[in-house]
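Shared between the two complexes below is chain A, which pairs with chain B and chain C, respectively.
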Partner chain A sequence: MIFNLINRKLFTLLKVQYSNMLEYRVEIALWAISGIIPFFMLNIWTNNNLNESINISDTLLSRYFLCAFFVRQFSVVWVVFSFEEDSLMGKVSPYLIQPLNPFFRYFAQHLAEQITRFPFALIIAFFFFIFNPETIWIPNLGILLLSIVSTFLSFLIQFLIQSIVACLCFWTEKASSIERLLFIPTLFLSGLLAPVVSFPAYVKSWIYLTPFPYLIDFPANLLSGNDINISGGLIMQILWIFILFPLFKKIWSEGTKKYTAMGS
Partner chain B sequence: MNLRKYLKVYNKFLHTSLASELEYKTNILVDLVTAILSLVGSIFLLSIFIQNSGYIGGWKFEQALIIQAIYTILNGITNTWFNPNLTEIVKHIREGTLDFVLLKPIDSQFFISLKKINPSGFLEITLGFLLLFFCIRINQINLNLSFLTLSLITISCSICILYSLWFFISTTTIWFVKTWNAIEVLRSFLYIGRFPLSSFSFSLRIFFSVFIPIAFITTIPSEVFLGLSVFWKILLEIIVATIFLINSRRFWLFALKYYSSASS
Partner chain C sequence: MLKNIIDVKNLSKSFDISSKEPGLKGTIKHFFRRQTKSLKVIKDISFEIKEGEIVGFLGANGAGKTTILKMLCGLIYPSEGSILVSGYFPFRRKENFLKNITLIMGQKQQLLWDLPPIESFYLNASIYDLDKFEAKKRIKKLSEMLEIDEELFIPVRKLSLGQRMKSELLAALIHEPNILFLDEPTLGLDINAQRNLRKFLQKYNEETNATICLTSHYMKDITSLCKRVICVHEGAISYDGKLDLLLKKLSPVKEILIVCRSEEDAIKLENSGFTVKNKIKNEITLKIENNAITSSLKTILNNFDIEDLFINEPPIDEVIGKVLIKKDYDI
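Now for the complex of A and B:
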């Protein structure tokens, strides 16, 4: 019964947010374009024959970066920026009265955006294949499903981390600068700019204990058909979600007690 | 007389925006850590790129470090002036407050380009200069007057190009209303300024020197530092910078004709 209710609410939220997102198609197309950094990096990699040092063929590397682009497209999170604005404007107050955690609203917003973004990402991939026809491949269905799951898990991890940061808005007014700080390790260590295998040994020794390689490197390797430990990666992703979720619940309940309804 | 008035007004701008930014002191500290981390991250990435042959696009590590230094300085300038002001244009246009700017007996471009200042960018600029001095030492560059004038000229041209690019994109808000994402696209393109232009493939090199002249922004000043620059390149950069500056001004005046205010 309760589950059913949440289900219905979520579905309605999703519908509302989807039609909202469709209003701003150009905006979302631009967001999609702003994620093409992996392709520039690929250009550096292939143009300098850097793949020789990590024993990956050009084609596999191109697929890796294409997959990294896709994973990034569907795991972009900006909840802290929305929440900060809503919190500063006092918009959070009415949300708090509703019998639904406001983060469901942001969650639906992100999902709706991903659905809107999908065609644009496909178009960009289509152009990529025109320029690099040798990289075309069809992943088998099992792998495809698993990589969709792991991309979604990666999105969940990032959503939880950012929601925790967003809750800091209850204490300080500018939580987004903390998010910008956290974005730096995400950018460099997640495998968006260089696959984690190419990292020097002193980084590789500890990086797999952090959540970063599971954000992009793991799902991208999975989708592009590179050899990796599938179950190990998925377990680590789920583990991180289990660590982060209670943390979020704790900080949320502490934060709402501190909330002073600014601007209302 | 006129210049004195503008100087006086700018003095007031500095005063008010510094006062409001210094309200968030920890924010400045967080921004500094972000700047340091992002520099460390890019140097880390650079070290991965050169681990194969010791060169990236024909540049040695120490030489490529100069590009990082110049990028950091320019990024600091972006964060100090361009980012806080030019993202504000979007707000002005959405909320219709551009009316008040246009009514003031002062040049509107001057007002919206210099109104705000973000002091944490200064720390990033300092960081860039420190790295630059370090690079001058390890590359054994001897400083003389002609070298200093040339580097000053090229860096100021880079700043002009960068400003014009930002201003161009922000101006398009008058038609498209929401341009945050266009700025995000520009940001992701600018990111490649961290690497020498010669590390990209020929087609991308053309793209980045003709359409979005990122090539001119960091590579040419770095070449001046290394004594590798050719006279025509410097001349070309000066010409490009002039064209961009003049056109950004003309574009702004042109765009203002289409400004129809909000909800009035």
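Now for the complex of A and C:
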């Protein structure tokens, strides 16, 4: 019953946030276009024949970076910036005294934004295939479904990491600065700039213990059909969610005690 | 006998404030070694509020009235003391407690800026577990009470401040809370909008027996809605009681402007033993104690040639202003 109620609340939140996001469709289209880093990286890799060093063909590498683009489109998170602003300006106050954790609002906002991004991402993919027809492939349905699940789990991990950092603004007021520290390992270790497989073996073994490769590298490899340990990757994603969620709950309950409702 | 719905005992709240000396030296010192001190903004206050009461919190800027309201609704955590609101410790933010209260801040909004208010109403309705039919019924009822109709379908950013405030009220009351915390609800509204809002709150209180805690710098809000006021001075309660009693205590005299037929009469009156505030030609202003008004007027009318007479109540803002700068009113 509780699950149904949350579902109903989330569904309404999602509907309303989707209407809200449609007001910003041009902005979202621009955001979608701005996420084409993987295509630049693909260009650098193929022009310099770097893929030969890791035994990946041009086609597979192209598919990897296209999938990295897709995973990134549906797992991008900015909650730390929204929450920090709302918290410092006191905008979060009315939501704190409603019987729904304010983070559900941000969660719905992100999902709504992803739905709005979807057609733009498809258009970009369409143009990618026009210029790279050899990369066209049809993943099997099972892999496609697992990739969607994995991308969603990746989104959840990033959302939880950023939410934990966002809660630090109850203490530091500028939590987004801490998030910038996380941006560097996210950029390099997540597989956005290079597949994790390209790192030296001893570095790789350490990277796989962090949450970063499960943000882009694992779901992108899964979707592009590369040979990976699917169950191991999914288990690690779920494990990280199980670690991060209680941490978020703890930091949230301690942090709200520090909330001073500034600006209101 | 009405039961207490709010029970506050020995409540205190402290904030850690960092301070910085001026100039470059101060900035560098501040960078390496931050000086923080604990500032007690609410000092050991206790009070009770009964079900259905409308209580006004009065105080100068920074006196602590908004902080009290924020603690009562569970927004901020108290440093010491106990609060019980409707049987709950507010900060635990239990679902049943949250469904019973609302907080409206004049300068803050919860409506989604780019969407029409109706979207926010349905969203709030689902957050408070109202089904669509019930939500529709309540929106209709409240919009009639607030006299808003077409505005419900216009994006919030295009509404006037008054229309927006009405919509904020509707969004905040859709779950029919029993306790309303209102922090300067009429801030920035024009006179008519202020009056309509007051009328609405009065009606809401009469119809639902809701308890209302209100802060406002507009004295009209306080005088037309609140029988009881709690005056807060530097974090402590300086007065808690009936508003009319406070006004009587603070303004024990009335000013009476008397227009005499001639300047000679005015001079005679000036020297007749009354307290004179000022005299300009044949017009003289006397200060007379409230309990001596009738007898004094009788004497004046019988002994002097009077052309006209005006009794002036001292402006309420001026009277209440005295409370805001004094520590204690023992009435």
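Assorted remarks:
Operating definition for what follows: the second predicted complex is superposed on the first by the 264 of 264 C-alpha atoms of A that agree within 3 Å, B and C clash if a C-alpha of one lies under 4 Å from a C-alpha of the other, contacts with A are read in each partner's own complex, and residues count from 1 in each chain.
Following the convention adopted for this analysis, a contact is a pair of C-beta atoms (placed from the backbone, for glycine too) under 8 Å apart; a residue touches a chain by one contact, two chains touch by 3 or more.
Given the structure is predicted, the values throughout are model-derived calculations rather than measurements.
Once the two complexes are overlaid on the shared chain, A:188 sits against chain B while remaining clear of chain C.
Taking chain B and chain C in turn and counting the residues of chain A each one touches, the greater count comes from B.
When both complexes are overlaid on chain A, the residue A:35 reaches chain B alone and has no touch with chain C.
In the superposition on chain A, A:27 makes contact with chain B only, not with chain C.
By the touch criterion defined above, A:12 reaches chain C but does not reach chain B. With both structures placed on the common chain, the touch criterion links A:49 to chain B but leaves chain C unconnected. By the touch criterion defined above, A:232 lies against neither chain B nor chain C after alignment on the C-alpha atoms of chain A.
Of the two partner chains placed around the shared chain by superposition, neither chain B nor chain C is touched by A:119. Contacts of chain A with chain B, set against its contacts with chain C after fitting on chain A, overlap at residues 24. Those residues of chain B that touch chain A in the complex are listed here as 24, 26-27, 30-31, 33-34, 37-38, 41-42, 44-45, 47-49, 51-53, 55-57, 176, 178, 181-182, 184-185, 187-188, 191-192, 195, 199-201, 204. Those residues of chain A whose C-beta lies close enough to touch chain C in the complex are 5, 8-9, 12-13, 16, 19-20, 23-24, 90-91, 93-100, 256-261, 263-264. Residues of chain A touching chain B in their complex: 24, 26-28, 30-31, 33-37, 40, 43-44, 46-50, 52-53, 172-174, 177-178, 180-181, 184-185, 187-188, 193-194, 198-200, 203. Chain C contributes residues 15, 70, 73-77, 91, 93, 95, 98-99, 101-103, 105, 107-110, 112, 114-115, 119-120, 122-124, 126-129, 172, 183 to its touches with chain A in the complex.
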